[in-house]
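Look for subunit A in each of the two complexes below; its partner is subunit B in the first and subunit C in the second.
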Partner chain A sequence: MSGAVGREPVFPTRQSLGLMKSKLKGAEIGHSLLKRKSEALTKRFREITRRIDEAKQKMGRVMQIAAFSLAEVSYAVGGDIGYQIQESAKQARFRVRAKQENVSGVFLPQFESYTEEGVNDFGLTGLGKGGQQIQRCRETYARAVETLVELASLQTAFLILDEVIKVVNRRVNAIEHVIIPRTENTIKYINSELDELDREEFYRLKKVSGKKQRDVAQADAEILAARQKAAEKEAENDAPATAAPSTEETEAPDVLGEQEDTDVIF
Partner chain B sequence: MASAATYKDRQFLAVIGDEDSVTGLLLAGVGHVTDGPDSQRNFLVVDGKTETSEIERTFQNFTQERKDIAIILINQHIAERIRHTVDTFTDPFPAILEIPSKDHPYDPEKDSVLKRVRRLFGE
Partner chain C sequence: MEGLFFNVNAGYVEGIVRGYRNSLLTGQNYSNLTQCETIDDVKLQLGPAYGDFLAALPPNPSTSALAGKMTDKLVAEFRYLTAQSTGSTAKFLEYLTYGYMIDNIALLITGTLHERDTRELLERCHPLGWFETLPVLCVATNIEELYNSVLIETPLAAYFKSSLSHQDLDELNIEIVRNTLFKNYLEDFYNFINTHPDFSGPTQDVMSEILQFEADRRSINITLNSFGTELSKPERRKLYPEFGKLYPEGSLMLSRAEDVEGVALAVSANADYKSFFDAVGLNQGGGLGGMGGGPADGKSLEDLFYQKEMEMSKLVFTRQFTPAVVYAWMKLKEQEIRNVTWISECIAQNQKERIGNFISVF
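After this line comes the complex of A and B, so read on.
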């Protein structure tokens, strides 16, 4: 799995290791936050779905009752009033207003119905007969439309939530299955490269110290050889000296004086 | 994402339906005719003689061109005639609501939103 996602194109340095580590941390935090957001939205979504189902059933009943009251009207008026009503409709009395509701950062609109006061297009409808039935029918239909508005806001919320949940889930999955493994991979790669560099460095140091030891040993050997040579030379010089001991004894007080001097300096 | 500007002005309901449904909803007071020479109604009466292309044109007009419509009420049997257009319209605004009519009882199986609900829950 982790091999398939590859790694980021970075140089294996300690700085980028730090960057990658903070990136991984950020990705993990983001993942948990998004996951929680998605869960909250899904909960809301399920609730809305259930309410839509209920509201749709309710709408079926309400519309049936409304249709029946309209049938009553046409019976009472004794003719078709559809044309008259269509022609006299001028200004909407029944309007909606949209409000916003915030669910974990998602704005869900909610329609709210209200009646525009002072607008009445159907003042004369049913003046001859059937006025009462028409009044009742209007009330029934107003209630039905209220149900419809409620349903419409649920439905709009449903559509928006559906979209948002898809986006959030896509992000959650991208972080979980692409970004985090890839960052981990990168960290692993940088670590292995740094280890490799460490080993190389250690080997190099070992080499250097070995070379230094060899150099020191050689230098020691040279010094030793020089001393031996000097000693031999001295020995050669000593040989004639023994031949003439008288000269050495004359020098003896000087040597003692020198020794005293060095002692004082010490 | 729906910003405030996209639905602030939306305050009307539009109706596409048979004569009885339109009459009833107009009685409730949803009807609105814009002023001016190019006055537009926010309702369409569909009978047996209405062309499907006209329904479709009205639907497009309500969904794309008019910015003051919040909810479109459409009779289910009429939505059936332009099913493809209704199903491909997935924007949150305006909300499309399929309503039953007097002659055609409501069938939840055909509703475009309920279909999505069913699909989401794997039924």
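After this line comes the complex of A and C, so read on.
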């Protein structure tokens, strides 16, 4: 998993580590917020689904009654009145108003139906016969259209919510499965790089101090050796006093040379 | 005596109509129809009566297509009768078509008023109300031209001339125009029946009764349907035919009626109508004309009127030597088409509980 996710191309520095840490924190907060939003929307979505189911069943019943009342009209009038109705209707009696509802930041359109009471365009249709059936048929159909409007607003909300929920879930998943692991990976990488650097540094220091110790030990040994030689020479000089000054003179620049060398090394 | 020479001119037509009458669906047929599960079954059941006309229908036709084909048969038979009739019988048959012509012309007026292409409307016209010069009316582009061509070209000129001007066509609601025309037509028909020497005797008897009933029915319906609309009382009164059993006192009371009770009071002088109103019940309020929210037996005022009309039409066949049988047969046939449409509609929409709501007389 972590191999597939990869990491961000950053230099493993302490600064970017800080950046990454704050990013991870942000991502976690965003994730929990989005998750909550998605849950709220899903709740709403389920409710709407349930209401759509109810509305659809209601629509089935109402449309059946409406179609039947049309059959009654054609029985009573004994002919087709469609054309006449179409021509005499001039103004809409049944109207629809659109509103907006805000559900966790998503704007859902809502349609609201109302009837314009004053409008009665074909009130006289079927005056000779069947007029009452026609009026009742109109009422039935008005109810049917009301159900349809309700259903329409639910369906629109359904589609929009569906889309939004998909987007939100995609974001949640992206944060959960890509951004957070990737940031974590980066942090891990930076940490490991920094550790590596630390270790290198430590090793180097160790090496240097080891070398130092070795040098010190050598120097000590040489000093010791020199002292021993000197002591031996002294002892020699004590015995053959004449030879001693010459060796002392040859020995002395050599020691100095040695000391100069060590000085250079240090 | 009046029957002595009847058969010379109209005997064949009457015979044919009596034959047609026998092909009307009976109660047995209807109970078979109500048992059907699909429209195809209905079609099959109608086979013996309608034969060729339904053959062209596709499987599971729509109810309107079915009704259309049935109407085609009615039209074909009626055309045959018109072709066979002469003299006063031919005139009588022509009168029968005037009612459909009024509907057709009202359709064309509506089309012209809304500046539609009236040629498209021709196919929507009822074939029985078709006359040769009907397409000429489509030439008219504005309402005044239409008015003039109606006056010149149609047999309905008299009905227009006496009560409507071309401004009226523009201003009045088309339904008022239609009902005015229909009122004039009914009055003219009534007059024709009662004054024509050939029709004294049985024709006059039965047709007067039927037309009076028709006039009363229209008056009552117009009154009931005008409640709650902008139709004023004086205007309403103008639409009542000026004859009938309710005329004049009943009509006057109807014109003053403000609610269903007023109508019931106006018609209470006549035993038949009173019994209708009693049967339907006064307390239904606006639901009087309907079958929807009606009482348990499902009969509405409109149904009762249809029922009465059918009974009267049935009785006409007990009389001989009269072209009134043609009228009766047409009404019965139309009711039959409505019945079948209703039944197939019930079957198509799966609303079997109300399937028995038709009127069968035989």
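The rule is short, and it goes like this: the second predicted complex is superposed on the first by the 200 of 266 C-alpha atoms of A that agree within 3 Å, B and C clash if a C-alpha of one lies under 4 Å from a C-alpha of the other, contacts with A are read in each partner's own complex, and residues count from 1 in each chain.
Just so it is clear, contacts are C-beta pairs under 8 Å (C-beta built on N, C-alpha and C of every residue); 3 or more make two chains touch, one makes a residue touch a chain.
Just so it is clear, the model here is predicted, and its values are computed rather than measured.
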Three-chain arrangement built on subunit A, subunit B and subunit C clash or fit: fit
Subunit B versus subunit C as contact partner of A:Ala152, first or second or both or neither: first
Partner chain in contact with A:Ala144 - subunit B first, subunit C second, else both or neither: first
Partner chain in contact with A:Thr49 - subunit B first, subunit C second, else both or neither: first
First (subunit B), second (subunit C), both or neither touched by A:Gln64: both
Touching partner for A:Ile160 - first (subunit B), second (subunit C), both, neither: first
Partner contacting more residues of subunit A (subunit B vs subunit C): B
Partner chain(s) touched by A:Thr183 [first = subunit B, second = subunit C, both, neither]: neither
First, second, both or neither for A:Gln132, with subunit B first and subunit C second: second
Touched partner set for A:Glu72, first subunit B, second subunit C, both or neither: second
Nearest-approach distance, in Å, of subunit C Cα atoms to those of subunit B in the combined model: 5
Contact residues of subunit A, present in both the subunit B and the subunit C interface: 64, 67, 69, 71, 80, 125
Subunit A partner contacts - residues on subunit B that touch it in the complex: 1-2, 4, 7-8, 10-13, 19-33, 41-43, 45, 70-71, 73, 90-93, 95-97, 99-102, 105-106, 108, 111, 113-114, 116-117, 120-121
Interfacial residue positions of subunit A with respect to subunit B in the complex: 49, 52-53, 56-57, 59-60, 63-64, 66-67, 69-71, 80-82, 85-86, 89-98, 100, 107, 109, 111, 115, 119, 121-122, 125, 134, 137-138, 141-142, 144-145, 148-149, 151-153, 155-156, 158-160, 162-163
Of all residues in subunit A, those that touch subunit C in their complex: 64, 67-69, 71-72, 74-76, 78-80, 83-84, 87-88, 120, 123-133, 135-136, 140
Complex contact set, residues of subunit C against subunit A: 63-64, 103, 106-107, 110-111, 113-114, 116, 121, 124, 126, 173-176, 178-179, 182, 217-218, 221-222, 224-226, 228-231, 239, 286-293, 302, 334, 338, 341-342, 345-346, 349-351
